[in-house]
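Shared between the two complexes below is chain A, which has chain B as its partner in the first and chain C in the second.
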Partner chain A sequence: MAEVVRNVLVAALCCSGIVFFLGGTVGLLRCPDLYARLHPSTKCDTLGACSVILALIILSGFSMVVLKLLAVTFFLMLSSAVCGHAIGRSAFKSGVVPWHKPGVEPLPPMEVEEP
Partner chain B sequence: MRAGSLARRFIQSLPLALVLFIFWVIFTARFNWHHLLLGAVVSLLLSWLSFYLLAGRLDPHLNAHMALRFPVFAALLFWEIIKANWDVLKRIFAPSFPISPQIVEFDSYLESDIAKTVLANSITLTPGTVTIEIKGSKFFIHCLHDDFTEDPGSGTLQRMTAWLLQEGPPEMRRLR
Partner chain C sequence: MKRLLVLVALAVIGVTLLYGIGKMPPMDSRASPDKTHVVPRYLGHGEEEAGAKNIITGVILNYRGYDTMGEVSVIFSALCAVIAILDREKKGRSRSGVDASRVRTSLIVTTVVRFSLPVVMLFAVYTMLHGEPSPGGGFQGGAIVGASIILFTIVFGLAVSTKRIPPGARVPMESVNMLGFLSMGFIGLAFGVQFLTYILPGLGVAAAETVRKLMLDVIELGIGIGGGIIFISIVFSMIREDRYELQQDVP
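== the complex of A and B ==
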């Protein structure tokens, strides 16, 4: 019985991970510009990977593997956040103008540093 | 170099050695006495050597209290990530694709570099918002939609960071 519950949990988490990955890819294809593409590609993918790793944690049972997988999750989140920020910042510094919805005014006057 | 300063550096490097040793234990996953001994020797040597060469110390914010608060912070952050991710996912799969990106800026009351780093990374991890640039205390955030512009400024995340590192106005250092 416990085996069945565990398998169902693992399958559900893997499936939700796949949904997040799919969302990330679809968002990447639908978004209009670089800044908007950062959102789905860095974060939906992170959460997808996290739920797959969570499934692996449940599958492996309690052992040292759990700690290793948690460390993997931590570094995955850290690196994806940092690289999303790095891409956005370098684009902003080199003067890539963000896309706005037609008819929507940009909020503050944008200050882009001269290179 | 005097013996006293060498000994002081050794004592200062002990927290780093402890962190390295914990990672050693996690990654080797063996509890034989010779594995543990080897890990202890290597981590002590490495931390002493890096202090000797770089003369740096761990940021004073990274103490035991912060390490105890971190799991709570991580759990709260994960919940925020799931909520916001669900919202972004709904937008991505909606046929009308309701996004309207804006760059917003807000002033943060956090002072130290490490607090700003934690806040910027948390904002970037929360879907719908990416930290583009930090100048002084000003954060520039790219938001996928106007609905997401509220949170980075008013701040669940900023409040969580203030609680984690005990910075900013005292009334903000509590979770609720």
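== the complex of A and C ==
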């Protein structure tokens, strides 16, 4: 019984990881501008890779390797999110205008106060 | 006429190479020399002959020690070429993109970089020292060291980076990889055996084993630290814009 539960969990996590990777790839290819592409592509590393690693942890059982995998997950979460933040922020501050539908008035640029 | 000569030369070389390829054993053939001689020797006797549990380290540092020494000197001569063409970064003349940028570095990025750099450094040292019993080694560890300092420079700017790693400490360390390798090689000569021999005669079995491990570690550390410093120096000498000013708000 425990075996079945474990396998189902592993399969579900793997599948969700694949879904996030697929979405990230499609989004990277299809989205119109930098900001829109940044959104799906950062999900690849955070949600996609992390759920696959979580599945591996559950599959392998507890050992020293699990600690290493957890460290990998932690730094993957951290670096991917911060990369997305840095790219988006520097693009916005250097004046990359977000995409808007043709014929629709774009939103006026936001005035952001420097802290 | 010249074109004809080039054509003839290319044809001769091409036909020779094609003939050679035709004589080679087919891919995956069990009769090819690397399968009959090299692999069994490395896998069967590597551990006691080369003295490293990780067979790749044994091959790199022992069976192909001269080749690795050549690679190390290639990295060093790459640095020499870059400095010969670009010159070193000079105080008063250079500053990095982050110093020149109008966008201030975000607090999130600086915090995360400051938090993760020590961990990255720790991992680099682990990779260098663990090259002997597990995957890793000096070249990989050196790349990690170099990448982490380059990340620090991108985020905080060349001024802060130069303050943390002063050129007086950095420049002498650039040759550490060559010097480490050569000195370990000459230890063998001093004991009356061949260059790059790690098993020294005249010591007891246990002592010779310890000395061999220590020599391998010195070489790995030398390759790692020297390689990392060389990467840093190459990137620093490529950073070049007009003025050098300390930012006010850097930590």
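Keep this in mind: the second predicted complex is superposed on the first by the 96 of 115 C-alpha atoms of A that agree within 3 Å, B and C clash if a C-alpha of one lies under 4 Å from a C-alpha of the other, contacts with A are read in each partner's own complex, and residues count from 1 in each chain.
Here is the rule we use: contacts are C-beta pairs under 8 Å (C-beta built on N, C-alpha and C of every residue); 3 or more make two chains touch, one makes a residue touch a chain.
Please read all numbers here as calculations on a predicted model, not as lab measurements.
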Contacts of A:Leu47 with chain B and chain C, given as first, second, both or neither: first
Which of chain B and chain C A:Val8 touches, first, second, both or neither: neither
First, second, both or neither for A:Arg89, with chain B first and chain C second: both
Which of chain B and chain C A:Ile18 touches, first, second, both or neither: neither
First, second, both or neither for A:Pro98, with chain B first and chain C second: first
Partner chain in contact with A:His39 - chain B first, chain C second, else both or neither: first
Touched partner set for A:Leu78, first chain B, second chain C, both or neither: both
Residue contacts on chain A - larger count, chain B or chain C: B
Common interface positions of chain A, toward chain B and toward chain C: 78, 82, 85, 89, 93
Footprint of chain A on chain B - complex, ascending: 23, 26-27, 29, 78, 81-82, 85, 88-89, 92-93, 97, 99-105, 120-122, 124-133, 140, 142, 144
Complex contact set, residues of chain A against chain C: 75, 78-79, 82, 85-86, 89-90, 93-94, 114-115
Residues of chain A defined as touching chain B within the complex: 19-20, 23, 26-27, 30-31, 33, 35-36, 38-40, 42-44, 46-47, 50, 63-65, 67-68, 71, 77-78, 80-82, 84-85, 88-89, 92-93, 98-101, 104, 106-108, 110
Of all residues in chain C, those that touch chain A in their complex: 101-104, 106-109, 112, 116, 119
